[in-house]
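So that you can tell them apart, the chains are marked A, B, C and D in the order they are listed, and the count of residues begins at 1 in each.
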Amino acid sequence: MSMLNIDLPGLSLKNPVMPASGCFGFGKEFSNLFNLDILGAIMVKATTPEPRFGNPTPRVAETPGGMLNAIGLQNPGLKKVLSEELPWLKRFDVPIIANVAGSTEEDYVQVAKEISHAPNVHALELNISCPNVKTGGIAFGTDPEMAKSLTQKVKAVSSVPVYVKLSPNVTDIVSIAKAVEAGGADGLTMINTLLGMRLDLQTAKPILANRTGGLSGAAVKPVALRMIYEVSQQVSIPIIGMGGIQSAEDVIEFFYAGASAVAVGTQNFVDPFVCPSIIEELPALLAKLGYSHISECTGRSWKKVEQFAHHRA
Amino acid sequence: MLKEHCSVVSHTCIADSVYELVLEGEMTKQMQQPGQFVHVKVSDGLDPVLRRPISIANINQEKSQFTLIYRKQGRGTSLLAEKKPGDQVDILGPLGNGFPVAEAGKGNLAVLVGGGIGVPPLYELAKQLVSKGVTVINILGFQTQGSVFYESKFAELGQTYVATVDGTHGTEGFVTSVLNNEKFHADIVYSCGPTPMLRAVEEGEFAKKVYLSLEERMGCGIGACFACVCHLKDDPEGYSYKKVCSDGPVFRAGEVAI
Amino acid sequence: MSMLNIDLPGLSLKNPVMPASGCFGFGKEFSNLFNLDILGAIMVKATTPEPRFGNPTPRVAETPGGMLNAIGLQNPGLKKVLSEELPWLKRFDVPIIANVAGSTEEDYVQVAKEISHAPNVHALELNISCPNVKTGGIAFGTDPEMAKSLTQKVKAVSSVPVYVKLSPNVTDIVSIAKAVEAGGADGLTMINTLLGMRLDLQTAKPILANRTGGLSGAAVKPVALRMIYEVSQQVSIPIIGMGGIQSAEDVIEFFYAGASAVAVGTQNFVDPFVCPSIIEELPALLAKLGYSHISECTGRSWKKVEQFAHHRA
Amino acid sequence: MLKEHCSVVSHTCIADSVYELVLEGEMTKQMQQPGQFVHVKVSDGLDPVLRRPISIANINQEKSQFTLIYRKQGRGTSLLAEKKPGDQVDILGPLGNGFPVAEAGKGNLAVLVGGGIGVPPLYELAKQLVSKGVTVINILGFQTQGSVFYESKFAELGQTYVATVDGTHGTEGFVTSVLNNEKFHADIVYSCGPTPMLRAVEEGEFAKKVYLSLEERMGCGIGACFACVCHLKDDPEGYSYKKVCSDGPVFRAGEVAI
């Protein structure tokens, strides 16, 4: 019996580990390295209505314990994603979560409507939190009313469950989470990147051509955990957690905080085999900690003891 | 492409802050083209976080060994410089598409133009070209005498010019000074080095076929993160692009905007 | 001629490097290690009207590239700070910046009024951003109107210039900065810690007794730089920058972003000699980069080239 | 107190996951009291960030050497375990106030009670007590046979009891079982180990003078950050406090709330 299977709205996952959006392309590169079937799901790169080149380079900069990126949502556009990228992924037995982005409400609605009908897309991830796009984008993620209204509009046109991806660059993430829940979100994914920057010692200028970028990697893990801990106690929809996950131990920590599944981003660049490794290591780690199923870990840091009555001798 | 812990065979300082690192590993078998690179994790854990791209400078199939030559500059290369023979280094590779050796025919004249830490991949290239009967001329640019490396090794493979910016060794000035002065009538030019140098080589039209190896800050090194993207030369504002890591790092001159 | 002296409101600094509040106590421990005279200034521990024990232990937890703390503003209270801690510091020729904290406006006003009259206190640092205190505290730092009003009240009673310490846990730090500038702040200090948490793998509970804590150290550096970069372009009062500084190179990076002086926090725990080391290394680093005075670095990432006309051949 | 790069003289695994690390450095001169500790930076750079507090287990003034005994558990101690003879380790120390040897007079009976990684500092303590003519009885508690270390070394200094939780070696159970069974009539008890053990030792009132060495998560280790603070026993809700790092880690039983 599996210790790892998890059911979430729209997603019947073999295991709760998936690559995070933007860190795995549309899977092709990694398919040369391992069989994508073993993944819980794949969060594919953000899709916008039109193709986007994204920002000028340099687009990445290293930081202590993390990295900054300012890719700028480069993607081939909705049409090509529907005609090429998603059909290619059909060869794998793995649910796809399509990351939906744009600059206006209409953009989001258009992408959501069309992409949710792709046969292997089992859920949408509404990216209202990308810090690297100038128009719109981040504003949706920082204002509860806008976030709610966008969620409602996308829900209305989507044929699959909608997860909303929250930005950590806010004073009160709980209010945004509650707003999108009220707007009909089926789940949350969190966190997107923290806005940061690095300067070049020689030139005195920002290292990133876009000046600022999104901070990801291990450095942000404590912020992600805190936000998931806060939000999971205030909403009743499930959370896919992310932000600095590198190991099976990190996955358990995210579950304890309140996540029901996790995504791995930056670490794929350091170790392209990180997802398979984590999936392989989880059962032994769970057994060592005394759990018979990973779902027992969700919210364990704050749930009442009685909720876990059947656990442990 | 493999992710492998390769063991350090030797590690030598061959010029001011320049190190020659010989590694042994299974992945050597997959190394075919000169100009490919490996992505190096210089330390366990997260300090620093990202891998470092370093070109393959020499391939020794019999011994399953390959050579990296790098300049110690920031934290990553400084930590790499501490590795001792017998240590293990976490390497991802070989990556990317290198210089097309097939484009030079037997008896052709190939001019190899390298600048600074762009010189290393040209060594394996020169070796492979010479072994298939191509005449090779090497033009190597450095800042100053102290940074010059592999001059005699290149000289064994073909006529070799060295230019230093401060004139302390060889010709004073840039590699393009040599190119402009000597008029080689090359059949093909291969080049690797800093972007301004590559631009000058491209603009100089020193041969019909010119191949350039580009440098860009990288995330994944395998084509998944879109960190290293460049525009196509004929569509400099458009949506078309190439990834330096997986489509390159070597491109034909005129293919991408540099 | 010094390359490092900096004049700021109330502060005539030999050099722009000072230990950050809460990371240097009231100086006594470090005075056994080096002569405190060499420091640009000292930001002493937060003072509240009454003594505070702070939070239960564990109060610190390690994170990738950083640490969490939930000290909870432990301090001996205003009376003892005035009668013992500050007088003891008079033996050193170094300006003191008193960190003022509390739970209510009255608390802040009381501490500011009395402590600003201590002879070696040259400036106040209004701590409206401590994430580890339950009542008040952080709310002041996240609401522009409250921040402004508090600044005004404190300014009205303070006999020395007032720097306001900003919280990074906000959607729009520029609006808070502008509000406190409008409220009469003479300068800003930023950033305080990011709210974060860690969970214990064995117990599934938060490692910190206080559950959440403030993230500091190298991990937060890119966030600090980004915020200083944004704020320095929008206000005309100087910024003392902090957040992850470990080296002379980091100091220059903070200046490029827009800081006029810097504070070092967490790194004092790792290397108690970090402040003297940085002060010693700065002149050579500046010379290597081609500067004749550190003030040339302030805001260099965004200032127009003409503003630096006299620099470099 | 010094911050010094001490060199590794020897590094030995002496029990399951337990290592004995002998270091050489100037700071040895400043080490007087048993029970003081050093703050160890296990790696350069920021992975991990904080130092690790480890007790001084043995002081050798002639050779300017001191010994740390630690259990490999998390990332920090795992990295520490990789150090080889000749390597340098960045150490801050000696720190804190140790066990008051002066409190035991010649001819007194001192009972030393250690649990797990609380055992190491008791070794230097036993040595110093014995050398001034105090009779020493050692009671050492471990999880299981495989974790037992230094039993014969302690036995050289005085009668030594070992208790293991699973009974695989010595008495089955806890150190307090030994204390309760044997009724030693000690003049003084010194103890170091996990907090529940210290509590039991305190409550047992096994001697008039009882000294306990506490453990707490630390930031600075020098009294500046207030991470390691504890309440006074007679003012458990008040503002008074002691810092484990600089006022302790050793306190007289009854002084602080544990």
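Just so it is clear, a residue touches a chain if its C-beta (ideal position, glycine included) is under 8 Å from a C-beta of that chain, and two chains touch if they have at least 3 such contacts.
As the structure is a computational prediction, the values presented were derived from the model and not from experiment.
Between chain B and chain D, the least number of touching-chain steps is 1. Centroid analysis (C-alpha atoms only) places D farthest from chain B. Measuring from the averaged C-alpha position of chain A to that of chain D gives a distance of 46 Å. Centres computed as Cα averages put chain A at a distance of 36 Å from chain B.
With centres defined as mean CA coordinates, chain C is found 34 Å away from chain A.
Counting partners per residue, chain B has 46-47 as the residues that reach two or more other chains.
Taken residue by residue, chain A touches two or more other chains at 63-66, 217-218, whereas all remaining positions touch fewer. The residues of chain C lying in touch with chain A in their complex are 63-66, 68, 142, 169-172, 194-199, 201-202, 204-206, 211-212, 215, 217-223, 225-226, 229, 244, 249, 252-253, 256-257, 289, 297, 300-301. Only residues 22-25, 28-30, 32-33, 45, 51-54, 57-67, 69, 71, 74, 76-77, 217-218, 246, 266, 268-273 of chain A touch chain B when the two sit together in their complex.
Residue ranges on chain D touching chain C, taken from their complex, read 1, 3, 41, 46-51, 92, 216-231, 238-239, 241, 246.
The residues of chain D lying in touch with chain B in their complex are 43, 45-47, 75.
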